[in-house]
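Note sheet for the following structure.
Chain lettering (A, B and C) follows the sequence in which the chains are written, and residue indices restart at 1 in each chain.
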């Protein structure tokens, strides 16, 4: 065990007690060193727009939320879903439709909520259909993949003008343009996040114009990550992992496995829906490519390579892989991605981030010591 | 009356499409428990090989088609040895690191989906890099059959005939040959088959080769009627593995029934509402089938049979 | 003919066999007895090559076979009759037996005549689907299938499990006949007292994954001595 881990002595300080809710065997990092590094990383992200392309990074951070949604569902409950993009897309389109029809600050705020609800609700419907229908294992995966293709095919043929909800035309392959800029609040007390840079002056360095949208996404990403850390390290999180490891056995212990999968799947859908809302808000546009086979598999790629049982892995991998993908020439990037995915599944099925973490921990403990109980994919965690 | 013929021909078309697309995948899934998401790219290899053989090497189509199948089969064997079983990398790692570095993908359904998707990315984009965004296609041989005011492509009827012939040939392979018997024994009880001297490693290699070869053959057969571009596998992929899963454990009967049922749905809805709706209808039907018949159509039939036997 | 030296084996990460030592001479019928869960089936699977030992060596006919695959060992002359028979349910009786014709690397002979002699019912029902046979008939089929290529060593996993007592008697007699007629060496595992006493020349006792004792013919004849190892 790490020497800087908070003890369970009764007189622990408040910070230590708080910290222990974020730590546990299901996530990476429980040392002071980790949290220091975490704060540094967030600070770096906060100042990044000064030096680099904040608008590009904001896209990656939005997608990281999508990656987290799959990590929760797959890495922590064992449901491999190719369908996160369905809820992502529904969230995005819902946001688009509602905000186009009610282009006031209050309406747009409601649209954000509607998008998240849309994502969660569609996940609940599909989840109900599958889990309460007794569908298991790979057949769940296949159903999610088929659902994505259905959405893709369906949305692609909505080009005609009859395919409009109120003022919002779905637009088929052309997509839905002119989505109102993201504004939260109500008439008279609202704040616009897109195309509304706020100026900042730092003495000695200069003045900059910073995008509020970037910081909104950053706050949401960090908040979601921390929130999920608390969840998966809680009692409910331990049950989720138990479901991932052995459904039948968990059922025998008296847990309603079907309901757990359903709840987690719905949560994943809502999270994906949030990501979709932000995606549509950022691009002020949405089209059916979000339902394409390639886009559907991107979350699987990120999470597989990053480490499916690791929240941190999902975030890091999404940021890194999307950066690579954008910066390399199209075809070569995908060849590299395919190779990386292939090699990861075959050689390092646990993913990179857990592997790196284990190297760090092993180096810290020195030779002759075991990997320690904070290795996140130790399958002995919740079974006896 | 004429619309009836139209519909019948469309059904034959859909049936042929599904059966030819699914056959190779069904064999691999049934015997090895692997879902090959690069199946569409194996179809691509067959299509490109035969097309390029005709356009660049001047080989007649009738010869180019089997060549497409064979080249893809060889590529399939390579894939099996390197990726699916990991035999080649493990051979190297045994001698350098003294351990296996790859665990075979057999019966690891979810992992095989993800790993083979990686392969499919490599193949699609690799094709794009090597050959560009499209290559010249072939013209459809044979020309049309006329009936009344309508005409239909003779070649597509040939495809339908080939698909039926393929089912018959696969049935023959499985029930009348020794390889087929050993394959069925392996499907029914892999461990006992090994104890009976079946070299399951070799069988898997051959199986993947045959399955890939069939995929390549499908690509070569459809090449004259589709656009030659690196993503051509996409139109086959989802339909084929949906058909395999809905078909169930029996390879030949499952594929045939899937082809029939899903093909009928595809044909009827396409006829009435257009190809997009037709495709959606097929996929939705598959979703419903997967939900209510978890072991596929032939799995369900098998359960009925067992129940009837027990009550006798 | 068969020797296990310090063999340990595990399923995934659960260890089942620990430091097993045993040997079988040519022509013997050797039993391994023990309660449920003691590792009897795992032992046979390891000998057959369906499971690779984590430690130790297995030698057959003088050669180290520890890392050879099951199908190679089958071709070298080891026959296997699994617990629960494990006939191929959708193949016919005839096809099941044909599966046993493992194409031994050193011999072409097949013993169809002998098999149909011992078990005439197999010839009668040659084209019947194996899954539809009764338990006892499936047992006979499993034996015939294992026997058809005249294996030198026969591995038999709990021949009495799930089979009615009259057939059990028949089977142990058949085994002894096979051993006498064909000279087949037999290694079997059992928890049924009677079968051990009838069939075995010599037997080992297993407890919690390891061999704890070896019993000679006279001890086997002593009912009390044996009962001690099978006490619940």
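We take it that a residue touches a chain if its C-beta (ideal position, glycine included) is under 8 Å from a C-beta of that chain, and two chains touch if they have at least 3 such contacts.
By chain, with names taken from UniProt: A = Urea/short chain-amides ABC transporter permease; B = Branched-chain/neutral amino acids ABC transporter permease; C = Branched-chain amino acid ABC transporter ATP-binding protein.
Every value quoted in this text rests on a predicted model; they were computed, and no experiment measured them.
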item: Length of the shortest touching-chain route, subunit A through to subunit C; value: 2
item: Chain with minimal offset from the mean of all protein Cα atoms; value: B
item: Whole-Å gap separating subunit A and subunit C, where each centre is the average of the chain's CA atoms; value: 54
item: Subunit B and subunit C: spacing of chain centres that average the CA atoms, whole Å; value: 41
item: Subunit A and subunit B, separation of their C-alpha mean positions in angstrom; value: 34
item: Subunit C-facing residues of subunit B, complex; value: 181-182, 184-185, 188-189, 191-201, 309
item: Contact footprint of subunit B on subunit C as seen in their complex; value: 48-50, 69-71, 74-75, 80, 82, 86, 88-91, 95, 98-100, 102-104, 132, 145, 149
item: List of subunit A residues in touch with subunit B within their complex; value: 80, 129-130, 133-139, 141-143, 145-147, 149-150, 153-154, 156-157, 293, 297, 300-301, 304, 330-332, 334-335, 337-343, 345-347, 349
item: Of all residues in subunit B, those that touch subunit A in their complex; value: 35, 83, 86, 89, 101-103, 109-111, 113-115, 117-126, 128-129, 234, 237-238, 241-242, 245, 274, 276-277, 279-280, 283-284, 286-287, 290-292, 294
